[in-house]
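The same chain A turns up in both complexes below, where it pairs with chain B and then with chain C.
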Partner chain A sequence: MDRAWIDGQPATSDEALDAAAKLLADAVQPFVGGLRTDVAGLRAAFALAKDLGAIVDHADSATIEPFLSALRDGGAFLAAPAEMRRRADRVLVLGDEPATIGADLLTSLSTSEPDLGVRTRGSGRQIMVLGTVAGPVEGHDGVTRIDCASDDLVDVVGMVRARLAGRPIGEGPLGGTTIATIAEFVAAAGFGCIVFSPAEVGALGSEQVFGLAADLNAETRCSTLPLLGSDNAMGAALLSTWTAGFPLRLSFGRREAEHDAALYASDRQLSGAGEADCAVIVDALADGAAAAAPAVALPAIVLAADPAAAKAAQIGFAVASAGRDHDSILYDSRFGSFVGQTAQESSELPTAAAILTALAERLGGRVADAA
Partner chain B sequence: MLKRLSGGHVVDPATERDGVIDLYVEDGVIVDPPSDGRSADETIDCTGLVVMAGAIDIHSHIAGGHVNTARLLLPEWHRAFSSRPGETALSRVGWTTEETGLRYAQMGFTTVVEPAMAPSSALHAHLELADTPIIDKATLVVLGNDDLLLSMIRDGESENAIADYVAWTVASSRALGVKCINAGGSAAFKENVRKFEFDDVVPDYGVSSRQIVKTLQRAVTSLGIAHPLHVHCNNLGVPGASSDAIAATMRAAEGDPLHLAHIQFYGYGTEGKRRFSSRGRDLAALVNTTPEVTVDIGQVMFGQTVTISSDELRQFAGRAQASPRKSVIFDHEANGGGVVPFDYRRKSFHNALQWAIGMELFLLIEDPARVFFTTDHPNGAPFTTYPDIFALLMDRSVRQAWLEALPKAVREMTSLAEIEREYTLNEIATMTRAAPARLLGTADRGHLGAGAVADIAVYRPGADKAAMFGTAAFVLKDGEVVVRNGAVVKRTFGRALTLRPEPDKAMKARLDRYFDDKYGLSARWFEVPDGALGHNDPFKVVPCRA
Partner chain C sequence: MSGLTFRKKAEPEERLDLSPLVPARLAGLAAKDIAALPIGLTRRGLVVDDVFTIAGDDPAAIRFEGGSHRFDRIGEAMAAGDITVDGDVGVRLGRAMAGGTITVNGTAGDDAGSAMAGGVIAISGDAGDRLGGPFAGEMTGMKGGTITVGGHAGARAGDRMRRGVIAIAGDAAGDLGSRMIAGTIVVGGTTAATPGRLMKRGTLFLCGGVDHLAPTFLDNGPADLLILKVMADAFAEGAVGPVPFAGKMMRRLGGDTAVLGLGEIFLPI
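And then the complex of A and B:
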C-alpha cells in the first residue's frame, strides 16, 4: 500500500519528507492548517509552526470564532451540558442550528428531567424553541416553538432583555406580546439554560445571549450552552491558547505569536489572497472532511487519513486516523474538556504527529524538545 | 557524572546546615562526598553564593480549564507582553505554559502545585502541565460541591465508602492531594443562594459546609494522604464574614492537620469609616495558637491581574469589581468557577490595606514552617512578583518605603510600621523549601541531603533581595544546569508528582453506573491515561502514609 506521494506519484516516506522539507525551506511564509488531528498531532503541528515562523489556523475555526470573539469582548456565562441535563428546568433554544449540530444534546434534554435542586427538581423540564424548526424535540412534552427567523434572533434577544429591564419595547419581528412570553419563560426558571449556535447568531448575537444570562442572574440562575459545530476546532483553539496565548488564527512570523482573526484565517491564506506561499495541511480524522474545505491555491503538503486526498496534493502522506486507528486525546463537547479515546482499529500508517515531527527534524528545529 | 558545587553558603534548614559546604550531585540526585577520593568530573564554583534546595510553590494556578479561559478572556495582555516587555501591567505574568516553566525556573523554583483541578478537567490540566518546561508539577483535586459527596453525607454513608470515592478521584485525576473550595457554596449558588456560611446547609442536601470539610478531612487522613485537606474557606473577601469563616474553620480542625489557603483574603474586619479594616493581628494570633493548622498567604501586590477561582459564588459576587469589565462564570458539575480580571491599585484604600494585611500575616505568624509563600497566583498577584515579596519580608526599610507610598488612611489602619521582624535566609529556606516538602509529603525534595533530587537554586547575595531572588545565579534541575545568571540555558521537562491509591473495585463499578445514569458521561473520561501526556515517564508516584 502506498503511503506517500509526490505530484501524485508514489514515493517513499523519506523521499516525500525530503521534498516537503525543501518546499518549506524555500517558502517565504509557510502556513500550517487543517489541524484536524488529536492533541499529539496539534503539539507537533505547533512545534513545526514555531520553527517555521508559520501562520496557523484550523480548518473549522470559523465555527468557533464568533464565540471566542464574544467571550473576550464581554465575558460569558457557560455551563456543562451534563450539569444542565440534571439541573435546568427551563431551556431556551435559539435558532435552527441547534437542531442539527446540537441534536444529541436537545434529545438528551427533552428525554430527561431535572433531578437536582429544590428549585428545579420535580417540576419537569420546559423547552422553548425560537426558530423555524424544533428538530429532535418536536412533539415532546413540555416543548413549545415560537416561529422566528435566524436573522431576527439578535433583535429578539435584545428586546427580551429590554422587556426584563422594564424598558419600553416596540413590536419588533415577533410582536410585543410574544416577547413578553419569552421574557416570562426565562425569568420564571429556577435554573434556566440558553442553547444557541454562535456561528448562527454571530459574535454580536452571542454577546446578547451572554448579556441575557447576566441579566437573569441578578435575580435567578441561568447559564448558556453555546454549540460550536466543531469539537476538534475548539480543542485546537484551547491547545493554541496555552501554547501561544491566543486561540488560533495566529502567526509566528515575527517569532512571538501574533493574533489576528481576519488576517490569519485559513480561507484567506489558502486561497492565495494572504501572505502564505506554501501550506502544510493536516486532515487526520475519521469523521469526514472539514465543514467547508476551501480551495487550496498554494503548493501544499497534505497529511490525510483519506489516501486520495494525500495523493492529490503536491506532496502527500497517508496517515492514521486519530481516535480510530490509534489512541488519541480529543476535545469532546459532551464533557466540556479533553477525553482519552481508545483505538477501534489497528493501522500500520504513521500518525500525523510522527510525520510532522519527522518533517521538523529534517528542518533542524527543536521539535523533539517539545514532544 | 559527578558534579561538585564548591564553596557555596549552603542554607538547608531540613538538614540543619547553614554554612560553607561542598555539595555533590550524581545521576540527578544529591550524594555524599565521595569517600574514595574520587574527584568531580565538573565543578561549579559557588564561592560567595547562597545555595538552597529548589523552591516549592504549594498554591499557584498555572494550568487547567479556568486558567486557559483567563488567557482566552484577556488576549490584549498577551499582545502587550509580546511587543512591549516591561511596560505593561501584565507583561510579566507568565502567560503560556512555556513562559510559566521558564520564569519559575529563573527564580529557582523547581516544583509548583496547581491547587484547583476539577475532576472533569484533570486531563486538560495535566496536558498543560506536561507542556510546562523544567519544573516538576503536582495538582490538588477539588471535591466538596459534588453531588455524589453531598449525597453520601446526607445519606449517612460510611466513612470507608466516602474514602473509597475520594481515593478513586485522586487516583483517576493523578492528584497529590485534595482541596475543597467554599465547601457547599457552589452547590448552594446553583440553588440561587448568594451568601453561604460555615454552618449553613446546602439546600436539598441538608449538609453544612462544616460537615463537608470534616468529612473530607477524615477521608484524607484515613487514606494516608500526606498533604492535609487544603481548604479555601467560605466568604472569601467579605469584610467581617471572611474572618469569622476562617476562624470557625480553624477551630474545626480539632487537633487534626488542615491547610487553609490564601488567608490574606480572610483577614478583613468592618471597623473604620469605610467598614474595611485589618484583622491580620488577630488572625496571625489564631494561627500561632492552632498548631495543627498550616496556611499560605495569597499576598496582594499592585497592578493588573486576573482572579481565577472555583469559588463560583464569590467570583460571581466579584463580577461587579471586574477590571476590565468582563468575566466568565462557569456552572459545571460540582464546583464551577469564575474568571474575573482585577486591578489592585496602590492608591486604593481597600487594595493597599489588602497588601498590608498580607504583610502583617507573613510577619506575625511566628513559625515559618507553618506559613507558606504564595500570592495565590494570579489572584493576589502574578508569581513573577515573588522577588519583590522576598525583599519586603527580608528588609524592613523596603517595607517602610512601600508603606510611605500608600494612602495615609491605610497607614493608620495597619500595624505594619511597628513590626520589626526581617526574615532570615534560613527562615526563607524553611518557608519555601523544607516546610513545603514536608507539607506535601515529598521527602525527595526541599532539602540538600543525600538522596534528594538535585533540584538546587544558587543565588548571588546582595543588599537588593529582589535582585537576588529574581534571577538565580544557577539552577540545577535533576542535576542538570538549566539556568545560568538568570537565563535558561537548557529546556528540560519535569514530571507530575502524584499519589496512586488503589481504588476499590466496588466503588469503581458504582461510579461507572453513577456517571452514566446521572450525567450521561463515561467515568473513564475522568481518567488521565498513561500515554496521554506525550512524555516518557510523565509521573512520579509519591507513596501514601501507611
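And then the complex of A and C:
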C-alpha cells in the first residue's frame, strides 16, 4: 500500500519528507492548517509552525469564532450538558441549528428530569423552542414551540431582556404577549438553561444570549449550552490558548505568537488572498465531517486519512485516523473537556504527529539558518 | 528641514508592521538607523531599507509616498506630529494613538483607530471593519479624538466606543455602534442593520436612513433640539467639518432597551 506521494506519484516516506522539507525551507510565509487531528497531532503541528514562523488556523474555526469572540469580550455562564440534564427545570432552545447539531442533547433533555438541587428536584422539565423546527423533540410532552425565524432571534432575545428589566419595547417580530410568555418562562425557572448555536446568531447575538443568562442570574439561576459546529476546532483553540496564549488564528512569523482573527483566517490564506506561499494541511479524522474543503491555491503538503486527498496534493502522506486507528485524546463537548478515545481498528499507517515531527526534525537546521 | 519621506520601492510580498515609523520613535535617529529598523512579519526579517527609499529629515512630519493594503499599524500609539499616506494602508491604522494627525489619501483596512485616545485620523476612501473599535479582548474601543471617512465603513464601526467622534460620509455596514458606551457617530449614507445593538449610551446620527432597527429602540418623535445646532456648528468648525444634519429636524429614538437603553439614534424626518 502506498503511503506517500509526490505530484501524485508514489514515493517513499523519506523521499516525500525530503521534498516537503525543501518546499517549506524555501517558503517565505508557510501556513499550517486543517488541524483536524488529536492532541498529539496538534502539539506536533504547533511545534512545526513555531519552527517555521507559520500562520496557524483550523479548517472549521469559523464555526467557533462567534462563540470565542463573545466569550472573550463579555464572559458567559457556561454549563456542561450532564449538569443541565440533572439540574435544569426549564430549557429555552433558540433557533433551528440546535435541532440538527444538538439533536442528541435535545433528545436527552426531553427524556429526563432534574434530580439535583432543592430548587428543581422533582419539578419536571419544560422545554420551549424559539424557531421554525423543534427537530427530535417536536410534539414531546413538556415541549412548546414558538415560531421564530433565525434572523429574528437576536431582536427577540433583546425584547425579552427589555421586558424582564421593565424597560419599554417597540414593535418587533413577535408580539408583546408572546414576549411576555417567553420572559415569564425563563424567569420562573429554578435553574434555567439556554441552548443555542453561536454560529447561527453571530458574535453579537451570542453576547445578547449570554447577557440574558447574566440578567436572569440576578433573581434566579440560569446557564447556557452553546452548541459548537466543530468539537475538533474547539479543541484546537484550547490547545492554541495554552500553548501560545491566544485562541486560534495566529502567526509565529516573528517567533512570538501574534493573534488576528481576520488576517490569519484559513480561507484567506489558502485562497491565495493572504500572504502564505506554502501550506501544510492536516486532515486526519475519520468522521468525514470536514467543512467543504476550500480550493487551495498554494503548493500544499497534505497529511490525510483519506489516501485520495493525499495523492491529489503536491506532496501527500496517508496517515492514521485519530480516534479510529490509534488511541487519541480529542475534545468532546458532551463532557466540556478532552476525552481519551481507544482505537477501534489497527492500522499500519503513521500518525499525523509522527509525520509532522519527522518533518520538523528534517527542517530544524535549515529553518534556523534562514531565520 | 523637510518632512521625512518613505517612498515605496515595490509592492511588498508580506505584511509590514510600520508601527516603529512614528515621530517619537524616529526622533534623533540617523538615516542609516531608520533604514535598519525591522518591519517584516516573517522569518525573512525585512527592514525599512528593503521596502522604502528614505528622503528628508524631519520626523515630526512623516510622509509615505505610495501605499499598500499590507502597510499595517501606521501611526500606532503616536502622541504628536503628522503622518500622511499617499495610497492605501493596511490594518490597525492609528491604533491606540493619543495625539497628532494621520491623513490617508486612499483606503484603510480593518481596525483603523482601534482604541485611539486622541488626535485626528482622516481617511479619504473606505475603511474596513471595526473602525474605532476595541482590538480582540479589549474592554473599550475609541476613547477620544476624531475619525473621518470619505467613503464607506465596514461592519461594527464604533464598537464599544467610549468617547470621541466618527464621521462617515458614505454608507455604514452592519452593526454600527454596537455595544457603544458613549461618543458620537455621524453617517451620511445609509446604515445597514442593526445599528446600536447593545449600546448603553452614545449618539448615532444616521442621516441617510437605516435598513432595520432593533425593536428595542423606541421612537421619541421629531426633535428640533438646540443641541443639534450647537453640535453641527462645533463639528463644522473642527476636524469633522460640515455634517448632513445641520439645520434639519431629526427624529429621535432611544435604546437599546435590551441593555441600559440610554443611547440615542437620530434619523431624518
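Throughout what follows, the second predicted complex is superposed on the first by the 363 of 371 C-alpha atoms of A that agree within 3 Å, B and C clash if a C-alpha of one lies under 4 Å from a C-alpha of the other, contacts with A are read in each partner's own complex, and residues count from 1 in each chain.
Just so we're on the same page, a contact is a pair of C-beta atoms (placed from the backbone, for glycine too) under 8 Å apart; a residue touches a chain by one contact, two chains touch by 3 or more.
Quick caveat: nothing in here was measured; it's all calculated off a predicted structure.
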item: Overlay on chain A: chain C relative to chain B, clash or fit; value: fit
item: Spatial angle chain C-chain A-chain B, Cα centroids [nearest 10 degrees]; value: 90
item: Touching partner for A:Pro307 - first (chain B), second (chain C), both, neither; value: neither
item: A:Asp73 touches, of chain B and chain C: first, second, both or neither?; value: both
item: Partner chain(s) touched by A:Met159 [first = chain B, second = chain C, both, neither]; value: second
item: Which superposed partner A:Pro136 touches (first chain B, second chain C, both, neither); value: neither
item: More chain A residues in contact [chain B versus chain C]; value: B
item: Touched partner set for A:Glu256, first chain B, second chain C, both or neither; value: first
item: Touching partner for A:Pro226 - first (chain B), second (chain C), both, neither; value: neither
item: Touching partner for A:Arg85 - first (chain B), second (chain C), both, neither; value: first
item: Superposition-derived minimum Cα distance between chain C and chain B (Å); value: 5
item: Doubly contacted residues of chain A, that is, touched by chain B and again by chain C; value: 72-73, 258-259, 370-371
item: Residue ranges of chain A touching chain B (in the complex, touch as defined); value: 39-40, 43, 68, 71-80, 82-87, 108, 115-119, 121, 190-191, 217, 220-221, 223, 238-239, 241-247, 256-259, 327, 329, 332, 334-340, 369-371
item: Of chain C, residues touching chain A in the complex; value: 13-15, 40-45, 70, 91, 110, 129, 134, 136-137, 156, 175, 178-179, 194, 197-198, 214-219, 256-259, 261
item: Interface residues, chain A side, partner chain C - complex; value: 28-29, 52-53, 69, 72-73, 154-155, 157-159, 161-162, 165, 167-173, 204, 207-208, 211, 251, 253-254, 258-263, 275, 367, 370-371
item: Chain A partner contacts - residues on chain B that touch it in the complex; value: 63, 65, 67-68, 71-75, 78-79, 81-83, 95-98, 120-121, 123-124, 127-128, 131, 147, 189-192, 203-204, 316, 319, 322, 326-333, 491, 518-522, 524-525, 527-529, 531-532, 534-535
